[in-house]
Every structure is written in structure tokens, then in C-alpha cells.
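Multiple structures follow.
First subunit A sits with subunit B, and in the next complex the same chain sits with subunit C.
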Partner chain A sequence: MKKILEKLKKIDRRIIYLLVFLSIIIPLLPGFDFLIFPVSPTKETKQIFDEIEGLNEGDAVFIDWAFDPSSKAELLPMFEAFFKHCLKKKVKVFIYYASINGINLGKESVKNITAMEEFNWAREGIHYINMEYVPIAADIRIFNMDVDFKGTYKKEGKIFEGVETLRDIKYMIGLSGSAYHFTHVDMQIRFNYKFGIAVTGVMGPDFVPYLQTGQITGMANGLRGAAEYERLVSDKYERNYYGSATKGMSSLTFSHLVIFGFVIVGNIVYYMDKRKRG
Partner chain B sequence: MDLKAVLDNIFLNDVFVTWVPVLATIMIMSFLYRDNPLYKIGENIFIGVSLGYGWILSWEYIIDPFFIMPVNDMFVEFHMSDITNILWFLLALTMFFRFSRKKAWVANYYFAFLFGYMAGYYIPIAIQNIMLQSTSIMTDLDKGSFFETTKWIVLVFGTFAALIYFFFSKPHKGLLGKTARTGIVVLMIFFGAAFGSTVMGRVSLFIDRALLLVDHPVQSLVCTLAVIIFLIIYFRFFKKDDKTAEEDFI
Partner chain C sequence: MKKEIPILLGIITGILWYGEFFIAGMFQENQKLFFANGLKIAGVVGVAVGVYSVARQNYYKIKYNNERYYAILRVAMIFLMIFLGVISGTSSGTPFSSMFMNVYVPFQATVFSLLAFYIASAAYRSFKAKSVESGVLLVASIIVMLSKIPLGGEIWSQIPVIGEWIMDSPSSAGRRAIIFGGYLGSITMMIRIFFGLERSHLSE
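Now for the complex of A and B:
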């Protein structure tokens, strides 16, 4: 026992890295598909889904893309699931890039989705529009319900028919890995738009108080939030909309189990060592 | 053939877009074993490419449409409304006075405007926000179910206890001490939850890389072997000192 304790105390951190690495990579390997399982959706993620489900054909949705490739792992699957859902519902999608480093990633993703057989009917300027980047000051200005939406973004297209100001946007969702969307939450009090959020796991807890007050209508938290959304869309439309988030969830689960294991072992070793020393 | 086509041929072919991301990922991951030149090369390339990419995008999406084009248009045909643009440009240019020690105060006009504008915009909203957050907690305790009601009590009492922990006007003894102790437990639970979310976020980042490696198995195997061989040769023949991996971090 004493020997095991000593060994565990001096365990090389590289062994921990290796085990975490294996727990992540094994569920992703071909032949291990049985380890992939859809997650059960939480109330917060379902709120976003229900908001989109409640929209009619031709209603407008605003996506505020405020992340760059560094947060791609958690937020891109969420964007993809959300965008597909919007196209399924035939709502107009306005995509605005608040992060310039994310513009090309966003456009590429939109291009890939609209190239899919199921969504190749969607046309830019009619069913969706990439509204590029407008500096933050103008971004704040669009929250004002009376400012010309089209004029701010200097864009043209049939999609703008019936969408003049933010008042005509039925739902806004922000995707970010930073505190950027606190501005949107604050502005929501004044301008009273419906706002949902998809954030990285790190930022999730910071936005929870706004859910309780109703300032945010729905939140997808991290990779899990994206996997939940993929499941909701797949269940509703009885098609396979599972993407990289669902695939990654089994890796996430197994890696967490390994980390939990090490935390528990670490604590046991710590207490035993403490007791031994008196 | 123009330069763009040449660059596209070099950087957008299948070999480049599959091998380079895999090799770069493994080069960066080699740090988990020990600090080494491959990691340093990967790190420097990443920083250089990120900065270059950011600069090109800034030019394309900020400087060109919001500065170069309006100035160009102004010279082609001048409108009275362009005076507003000129004023903004002048205000922005005052930033460069920061380089002069004697005239640095001129830049204060820019900051005064910026802070004034932002404060004016945000202060009323921030107050409204605080009020809404505070009043939302003062609701009917009967939430319909035992779980919801208990949750609300824990939330209210937890917030109060956490605030008491930071109340230093009286010594933390008796009831005050016990409440402060509960407060620190509440804070630790929050930090634990935040840490859990951070771990989830970090693992998710690696999952993205792992998906890339799994999608390109041949490239992953070849690059991993190449990196391992390099590490063996490097640490066997070129870096023979006894420095431990832990010391590399310092």
C-alpha cells in the first residue's frame, strides 16, 4: 500500500496526458461508433430550439458571429445546427460577423451547408445574407429599434423586404467565446429584443444569472449545448443532423471520467499522506 | 499567371491543406512531452500567421471600407456630409500625439470623447440591469415545486452569505462567522463549477484537433512518427543535460 501511495504521488504528468489523449481519441476512431450517444437536451438549449420552432416562414433571425477559429471546436457545431434549423424552418437568416478573424470561417461554413443537397435551394441575399463586419460602434447603433438596418450594413438583397429595423428581427442569437455579448444582454433591457446565446463552456456560468431574469431566452453551453441542439433538430425532423458535437460528446464524457478518476485518486493520496504524517 | 494564382496553387492544394495542419498540431502537442525546437517553430509560425491574417482582414474589412474608400470618394465628389467624416478622421489622428511627450495631451480629446460616449450609453443601462437583477430575486417563494422553491432559497441565502464573507467591518464570529463560512462554501462551489466548465472547454478544443487527426490517419501516423524520431534524436544527441521536464516550464 505504501509503495502504491508513493508511486501515485510521483506519477509523471505525461502519463495523465497520455490517458486523457487516449480517452479522447479512442471514441473517435472508426469502429468505436457504439460509444457515440446523443445527449439529453437541457431546458436552456430547448428554449432556443423552441424559439426557432415558433417562427413562421419568412420571419427574420439575426446571428451575431463573435468568435474566431480558436473557439471553433465548441461554437461552429452550434452554428451549423442552428443555421440548418433556420433553413429547415425557411426563416431569413442575417449573419453578422463581430469578429473579423471569424469572417472567413463563417462564410466557409455557410458555403458548405448551402452546398448540401438538402439546402442547396438557399440563395444569398434571399434566404440568408452574410453582413460582413461593422465596427462595434455601429453594432451598438443597430440595437436602436428606429435605425435603418439595411443602411447600417450597406447591403442589398430581397431578404431586406420587410426587415427595416431591429424591431423586425424575431430572434437574435449570439455565438461567442468572450464577454462580448454582455453588451447585447444589457441593451436587451432597453430595446426588448429576444436574445439567445451560445457560448463556450468557460463563459457559460457567467451568463446564467441572465437566464434567471429572462434577459436571455435560451443558452447553449459549450460542446454539450451544440450536441443537445443537434439532437433536438434530428429528433424533430427525423433525420440525421448529428454533427461533430455529438461525435465529440463521447470523447468529452470519457475524458471527464479519466479526469474525475485522477481528481479522486489525488484526493485519496493527499488525505492518506496527511494522515500518515499526522 | 498572377501572384494570387501562384500563391493559391502553393497554399490551397490538397497536400498543403492536409499535411500542414496535422504536422502543426503534432508539433504543438510535442510540448506535452517536453519543450523542444519543433514546438518553438510551431508556436512562432502560429503567432506570425495569426498576426498576418489579422492584419490582412483588418485592412480588408476596416481600413479599406471605413477609411480609404470614403477618402477616395471625397476627392471624386465632395458632399457637405463628408465634413463629418473629416471630423472623425481628425479626432482619430489625435491618437498619434501619444508618440510626443509634449503634445500627448492632444490625444486626451479622443479618449474623452470615447469614454464620455460609452459612459453615457452604458451607465443608464447598467443601472437598469442591476435593478432588474436585484428585483428578480425578490419574488414569491412558492415556485410550484419543492425543488424550485428550495433552489430559490439556496440562491437567495447563498448570495447573501457570499456577500457577508466580504463584510469586514465586524469580526467574523458567532452568527456572522457561520454565515461567512457558508459564503465561502458557496463561492467554492461556484469556482468548482467554473473550473469544470473550463476543463470542458479545454477538452473540447482538443477534440477539434483529435477529429482532424482521425480524419487524416495516414498524415497523423507519419507526422507523429517523424516528430517522435526528431524528439529522440534531439534529446539523445543534442540536448543531453539533466534538466527535468518540470524545469522546462520555469
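Now for the complex of A and C:
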């Protein structure tokens, strides 16, 4: 017992890394789909879904892409699920990039989705538009204007018909791994749009107070939020819109359990050691 | 003049931005665009300064053989990306975009994902119930962790409910206090800069 205790106390961190690695990688391997657990959507994620579902054809949705590849695992599946849902609803989608490192990632993702047979009818400038890069801090100043987007962006397209300022936006979704979207919440007072947030798991608690006050209409939080959204869209349209988030949930589950196990073992070792020392 | 001009600029911009909420018109729109473009230009200049700084630092590393090969690789990659961007643009399907999607994106995602390993190791070594307070924190965090995975509800149906209560009540209350404190601090700082009382940004 004493030997085990000593070994556990001085456990090589590489063993911890190996177990975490295996818990993440094994559920992602082909043939391990039986490890996927169904996620039940939370009311916050459902709020976003309901908002988009309630839009009419031709309404405008703004997607503020404020994340770079470091948050790709959590936020890219969210974007893909939102974008597919918007295309299903035939609403106009305006995408602007507040993160310079996110532009190529975003454009590539849009290109892949619009290349799918189901969505290949979507045309840039008519059904969706990439509004390019607007630096954080400058974006608020530009969008906080009463002149039209078209003039500001020097972009052409039928998509701008009837959409001149943020007042004409029905719903805005902010994707980020930071607290940057607080400013978008403040802007609602002036332009009266509804705002939903899709953030990394670690940022979720920061936005809970805004959800409670009703300033934010819906929040998709972390990989789970993305998996929930994939399920909501799949259930609604009775097609397989499950993507990397749903698959990743099994990986997330097992890695959580491994960390949970380490915390428990760490505490047992601590108490046994404490008792031994008196 | 070194101090007076920045203070004056602070006051003028403060008036313009604040007035924007009360006065509409073309002047306000143009001044916003002016500042937004200014920010973009400042960003571009910042990138140029950054490239110069990295090139200069790595030049000395190459010269004095201080991790020479890493320095060569670093500088070569910077200039390769600049070169690819200049010759064929950055749009989808270009060599720049290919390099970005197939090299930069996986690298950045990998570096961020390393956190999972450090968190597991740190949790094992330091997340211990050494007092009542840390015990409460430990139990709360385990419940929240379990409530975030689908298996949590399978273990005990009340885990998601308790997890949600922790997030919506104690956690949210603390977060509100932080947000209020942050905003009050921002307003104070804004007023101090506006009246020229805060001069730390002028290297004072």
C-alpha cells in the first residue's frame, strides 16, 4: 500500500498525458461510433435555434466571426450548423470577420458547405456574403452607423436590398473565444436587433448574466452547444446534419472522466498521505 | 507639446464619440469612418513593425548561432507567406490559402489543444480539498464538469439540474460583480483620460 501511495504521489506526468491522449483519440477513431452519447439540447441553445427557425425567407442574419484556428474545434462546428440552418431557412447571411486569422478558415468552410449538393444553389452576393475583415474595435464603429453597409464595404450584391444598417438585421450571432461580444450587447439599445452568442466552453459563464437579463437571446456554449445545435437541425429537418461536434462529444466525455478520475485519485492520495503523517 | 497634444486629442475624440450618441448626421458618420480607417492603418503599420522586429531579432540569433536553425526557419516562413500572398493573393485555392489551411490552422489548433494535457496534470497535482472552501470548490467543479457531458445525466438525473443552478446562481452572481467592477473601472478611467488626469499612456 505504501509503495502504491508513493508511486501515485510521484506519478510521471507522461502517464497522465498518455491517458488523456487515449481518452481523446480512441472515441474519434473509425469504428468507435457506439461511444457517441446523444446530447439533449439546453434551453439556451434552443433559443438560438428557435430565433432562426422563426425567421422568414429573405430576412437578414449577421454572423460575426471573431475566432481564430485555436478555437476551431469548438466554434467551427457551431458555425457550420448555424450556416446550414440559415441556408435551409433561405435567410440572407452576412459574415464578417473580426479575427484576421479566421478569414481563410471561414471562407473555406463557407466554400465547402455551398459546394454540398443540398446547398449548391446558394450564391455569394445573393444568399450570403463574406464581408471580409473588420478589425476588432473598428467593427463596432463601422456598424454603429446610419449609412449603408454596401457603401461602406464597397461590395455589390442583391443581398444588400433592404439591408442598410443594423436596424435591418433580424438576428446576429457572435462566435468568439473572448469577451469581445459584450460591445455587441451594448449596441442592441441603439439598433434593436436580437443577439445570440456562440462561445467556447470557458467563456460561457461570462455571458450567463446577459442571458438572464434577456440582453442575449440564446447561447451555444462550447463543443456541447455545437453538438446540441447539430441535433436540433438534424431532428427538425430529419436529415443527418451531425458533424464533428457530435463525434467530439464522446471524446470530451471520456477526457472529462479521465480528469475527474485524476482529481479523485489525487485527493485520495493527499488524504492518505496526510493521515500517514498524522 | 508632447503632453498637451495627446491630452487635447483625448478630449476631442472623447467629445466626438460621446456626442455621437446624441447627435446624428453626416459629420458623425464620417468621423467614425475616419477613426475606423485610422485603426486599420495603425494595424497595418503595427504588422510592419512586428515583421521588422522579428526579422531583426532573428538576424542576431542567426549571426551569433543562438538556435540558428529555428531562427532561419522562422524568418523563412514569414517571408515565404509574404511572397505567396503577394504573387497570388490570399483567396481560397491559392498557395497562401493552402499553406494557411494545412500548416497554420493545424499548428495553432494543436498548440491550444495542449492545454488539455496541462489541465489534467495540474488537476491531479493541485486540485485538492485542503480546506472547507477548496472542498466546496472541488465538489462544485466536479458537478459542473459532469453536468456538461451527456453521461452526467445518466449517472444521476439531478446532476444537470444542480450544474445549471451552480452556473445560474453563485457563478453568475460572482460574474456580475466582476462585470460591474470592470465597467465602473472603465468609466473612471475614461473620465480621467478625458480630463487629462490619467497620464500613464503618455509615459508619465
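Annotations for the structure displayed:
Basically, the second predicted complex is superposed on the first by the 265 of 278 C-alpha atoms of A that agree within 3 Å, B and C clash if a C-alpha of one lies under 4 Å from a C-alpha of the other, contacts with A are read in each partner's own complex, and residues count from 1 in each chain.
In this section, a residue touches a chain if its C-beta (ideal position, glycine included) is under 8 Å from a C-beta of that chain, and two chains touch if they have at least 3 such contacts.
Keep in mind the model is a prediction, meaning the values are calculated, not measured.
Look at A:I4: by the touch rule set out above, it reaches neither subunit B nor subunit C.
Judged by the touch definition given at the top, the superposed model places A:F37 against subunit C, while subunit B stays out of reach.
In the superposed model, A:G201 makes contact with both subunit B and subunit C.
In the superposition on chain A, A:I268 contacts neither subunit B nor subunit C. By the touch criterion stated above, A:M187 is placed in contact with subunit B alone, subunit C being left untouched. When the two structures are aligned on the shared chain, A:E132 is found in touch with subunit B, with no touch to subunit C. Taking subunit B and subunit C in turn and counting the residues of subunit A each one touches, the greater count comes from C. When both complexes are overlaid on chain A, the residue A:K111 reaches subunit C alone and has no touch with subunit B.
Looking at the shared chain after the overlay, A:I25 reaches subunit B, while subunit C stays out of its contact range.
Subunit A residues 13, 17, 20, 24, 70, 72-73, 101, 103-104, 135, 190, 201, 204-205, 209, 212, 222, 224, 252, 255-256, 259 lie at the interface with subunit B in one structure and with subunit C in the other. For subunit C in complex with subunit A, the touching residues are 20-21, 24, 29, 32-33, 35-37, 39-40, 43, 90-92, 97, 100-101, 104-106, 108-109, 111-113, 116-117, 119-121, 123-125, 127-130, 138, 142, 145-146, 148-151, 153-154, 164, 167-168, 171-172, 175-176, 179.
In the complex of the two chains, the subunit B residues touching subunit A come out as 32-33, 50, 53-54, 57-58, 61-62, 66, 121-122, 125-126, 128-129, 132-133, 136, 155, 190, 193-194, 197-201, 203-211, 213-214, 245. Partner subunit C is touched in their complex by these residues of subunit A: 11, 13, 16-17, 19-21, 24, 37-40, 42, 68-73, 101, 103-105, 107-108, 111, 134-135, 137-138, 141-142, 144-147, 152, 190, 201, 204-206, 208-209, 212, 222, 224, 249, 252-253, 255-260, 262-263, 265-267, 270. Remark: subunit A residues 13-14, 17, 20, 24-25, 28-30, 70, 72-74, 100-101, 103-104, 132-133, 135, 140, 185-187, 189-190, 200-202, 204-205, 209, 212-215, 221-224, 244, 247-248, 251-252, 255-256, 259 touch subunit B in the complex.
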